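After this come two complexes, each holding chain A, first together with chain B and then together with chain C.
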Partner chain A sequence: MQAATRVTTRTASTASGSSATILAFSGDISSASKDAILGAWHGLDGQARHVLLDFTGVDYINSSGIAIIIQMLLEAGKTGTQTIGIFGLTPHFQKVFTMVGINKYAALHKDEAAALAAV
Partner chain B sequence: MIAPRRILRFSLRGLVVLLAILPLAPAHAQKSVDRPALNPRNIDASTLGAPVQLGSVWLAHQGDDPQWAQPAFDDSRWQVFNTDLPPVAQGMKDVNAIWYRTHVHIPPAARNLALMTTVMFGSDEFFVNGTRIGGWGAFTGDGRNAVANQFIFPIPDSALGSGDLVIAIRARAGHSSHRGDFPAAGLSVVSQVYLGPAKEVAAVNALQSFRNYASNTTNLTLVLLVLLITVALALTVRDEPEYHALAIALACMAGYQILTLLTLTRAVPTSFWTLLPGEGISYVGIVALIEFVRIVLGLRRSRWFTLYYAALLLWPAADMFNTLWWTPTHAITNPVSAILGVFSEALTAPATMGLPLLALWIAVRRRNFDALLLSIPLLVSASFDYYRFAVYLLFLAHAVSVNAVISAQQTPIHAFNIGWSEVVSFAFSITLLVFLVVRTIRLARFRAKAASELHAVKTLQGLLLARSRQATPGYAVETAYRPASEVGGDFFLVSPGPDGSIVAIVGDVSGKGLLAAMRVSLILGALNRESSRHPSEILSRLNQVLLTQSDMGFTTACCVRVESNGDFSFSNAGHLNPYIDGQEIEAPGVLPLGLEPDQTYSTIAGHLNPGQRLVLLSDGVPEARAKRQLLGFDKLLELTRLGASEIADAAQNFGQEDDITVLALALS
Partner chain C sequence: MKNGSSVQVRLPSELGFEKVAMSTAASMAALMGFSEDRIEDLKTAVGEACINAIEHGNHLNSSLGVGVVLSTSADGLEVKVIDDGAGVSVAPHVPDIDRKVHGEEDLRGMGMFLIQRLVDEAEWYKGPPGKSFVRLLIRLDKENE
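== the complex of A and B ==
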């Protein structure tokens, strides 16, 4: 039984003093998460310069969930004006994200502080 | 039987709308219930063999004085009051406190009599020749609003005297209308009072109770039956949310009918807390029913629906405000009352009268059979509203009299005391039942067809995967393929070459079910046609094939070529790396197939010694899950020392979430 995906949006100050928008995910990420994740992402409307994806509350991501994240990153890559960072992944999913090449589109960080420091 | 609660609501809402339009048409005398207009100063019941209905005309007086119960009191100056007519039309200015009296002549020797009343308003007490025989409610303060459906009171023989009876009713309602038009305390247009031998009155009472309960319990039973079937459907077809919505709507209908049944034999005070359950259930029920219709019609839940649901909250609010606070202190002809009534009708009209037409329009326009099926119970349910609306229009056009408008609110089948709402409710339940049965049959046929197609895909996938297991001279190849559902989204292929090499590939398409299975078929077809035996080339060409299917997600794959001397090379596209004797052979991360047109895949080389086992596997192994814990990559270090079937067994036993594929290859 998969847990529903929740996405909350907040902002935080980066080490350089600029503002970063954080999309915090919780629950499981699967094909059922598409509307929640892409809805939140499209809700940013390309306005946020720095976006951090927070996976701290995520237990499980299946291949369809990874496909959604990749779709999001490829969309961001097309605009070329946004920087995306990822933090809060478990070691298991850090390995999975590296395996599917996500780390070439978004830097993987251990936690929020490291992610904000890197922006 | 129209329940008292509904009578009040129908009377208020119907009459408010009527009164709002009344100035537009000539006035006519109202005569809504079939009751005799007897002379209240001298009702002759001297042949009292059966219960006598005391009629619609009484002597009445405003105020409250216990002396008015006494037979000797001189009521010759009391006005003759016709309960069919609005009190205000008869000069009654204060309907908060009223006494009614009537004079009845019975056989001098008559004994064992009883009085029976139906549908009375407020608090009431009954007297025969000054003796109180029963009543209900309170007579202190401003009184209270209540509706009492059916009561029977035995009359003590000592009160009967020599055959001349004065029957008095003391009535008090919780309002203080200065114009006093409707409703008056005590008797109303739908009240009936019977006098007769106790046994006969009891028989009338029993017959009326039977009629009341028969219609209501029949409808309740029918609604519960449809509810039971709907709940069964909702539990069986969990991915069809319309059955959940319909189950909620039907549960509310059943709840409302149970509330109605509870009001049949007792006086129900009209207060916020007694109205709230009915109003709350009505609101939830109508929203659930709209949701059910919306889902069946395939309409998106746009913001208009949300706005309408929010606006609908004003409907019970307006109803309760009108019933509890406005009408009790203002005349019902007050413009605010009229506006509230029309507002209530206008709020519910899109749901009650609009949805059936929308369903019909969608049925015709989109040739939607479900919409056509659903439009039948909806039209049946709305028929009463259309009828009332049509009568109002005819009244406005001066084509019918006020009597027709009032009759449109009343009981159509007198013999069984069944109201329009009960007839419509019964017909709605029956047609809804037919809708559910027909839809379930269609659903079962559709699912059988889908299952047959799925089986065909499974057969095709089995054939394609069987081709993947070719004889592999010089190599020991073991595969384990365990799809998580009927058909899988994993694939593998083993292809021995004429030069003694072997190419093995294991992959995984995102998603599950039929779509994933179709993609697997596409991929295996492409791989079987592939002429190259270089892993990076194979992946690049597969990437090009899958780019044309960009709306279908992505595919990960790991491709290995092993030479007969044990040298091997592999390329990876976002898939799990190969393992040799529990050691992961790492490769750089690369995007999966079908996403980037210019993606290149690096080649990693290595050597497989005799006795070593190279294992390719899908993510169903490390992501087997139990109690929200993943099997994980660390355990692969041990597991990949085992054979393919043992690895697959271990993952399955841990908790299979996804398709599991393991391919183990060794030099033989």
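== the complex of A and C ==
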């Protein structure tokens, strides 16, 4: 009954002239999203230095879905070379992500332009 | 909407159906005049309460249902989410993002914390099967704070 999660991967140039990999999510972010999200993330094989997570097309996020994002932060921390940024969250989910402390490990930006400018 | 109005929803113990309760709560809160941001808070809290009931209360047993009772009063909107589990007797755990990101704490387990932070009152009651519930309240007098 849970709606599917779709993840598309693309690259964009940052303000500093480097490249960022954008994982754009759509649909729901829940426990059922694990394979889609971590599959796309692991597909980068640790090669992308700057990764941005785009939530613009996301309709629904629950705490199990947030746990998957934290899993990504955990794995990025182990590489020691990857940074993760987040954009496109609604004001409500910016608040929720801040409540659980995700903003300590991934900067939250209003939109893609702001995220790319910060890299 | 009259004070004392009540709506009851019964959900299958299947993840995803929490959205039915979320939509119902959002509709009632909108009718009562709650602002959009507080309705979003309520939706997330109700969704997490239903997920806990489905997963931890009823253990995804499709033969069991989750009851959701939404009641209006002069104070605000009360939502009870009832399951067949033994109930919860511990206080919500405050997630520690540092421990999570370093693999020292379960990545999940944030639902009760979010519920408590997003509504004005949240209480968990233990009871026999079909009688354990969480009670949530968003208050109208907090609307302009």
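Keep this in mind: the second predicted complex is superposed on the first by the 117 of 119 C-alpha atoms of A that agree within 3 Å, B and C clash if a C-alpha of one lies under 4 Å from a C-alpha of the other, contacts with A are read in each partner's own complex, and residues count from 1 in each chain.
We take it that contacts are C-beta pairs under 8 Å (C-beta built on N, C-alpha and C of every residue); 3 or more make two chains touch, one makes a residue touch a chain.
Everything numeric in this text was worked out from a predicted model, so none of it was measured.
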(message) Between chain C and chain B, which one touches more residues of chain A when both complexes sit on the common chain A?
(response) C
(request) Using the touch definition from the top, say if A:A32 reaches chain B (first), chain C (second), both or neither. (result) second
(message) Which partner chains sit in contact with A:T98 here, chain B, chain C, both or neither? Use first/second/both/neither.
(response) first
(message) Need the overlap of the two footprints on chain A, from chain B and from chain C, as residue ranges.
(response) 31, 60, 62-64, 66-67, 70, 74, 92, 96, 99-102, 104
(message) Show me the residue ranges of chain C that touch chain A in the complex, using the header's touch definition.
(response) 14-19, 37, 40-41, 44, 47-48, 51, 95-98, 100-103, 107-108, 110-111, 113-114, 117-118
(request) Within their complex, state which residues of chain B touch chain A. (result) 489, 508-512, 553-554, 556, 572, 574-577, 589-592, 595-596, 619, 622-623, 625, 628, 630, 632-633, 657-658
(request) Going by the contact rule at the top, pick out the chain A residues touching chain C in the complex. (result) 1-3, 30-32, 60, 62-64, 66-68, 70-71, 73-74, 77, 90-92, 96, 99-102, 104-105
(request) Going by the contact rule at the top, pick out the chain A residues touching chain B in the complex. (result) 31, 59-60, 62-64, 66-67, 70, 74, 92, 95-96, 98-104
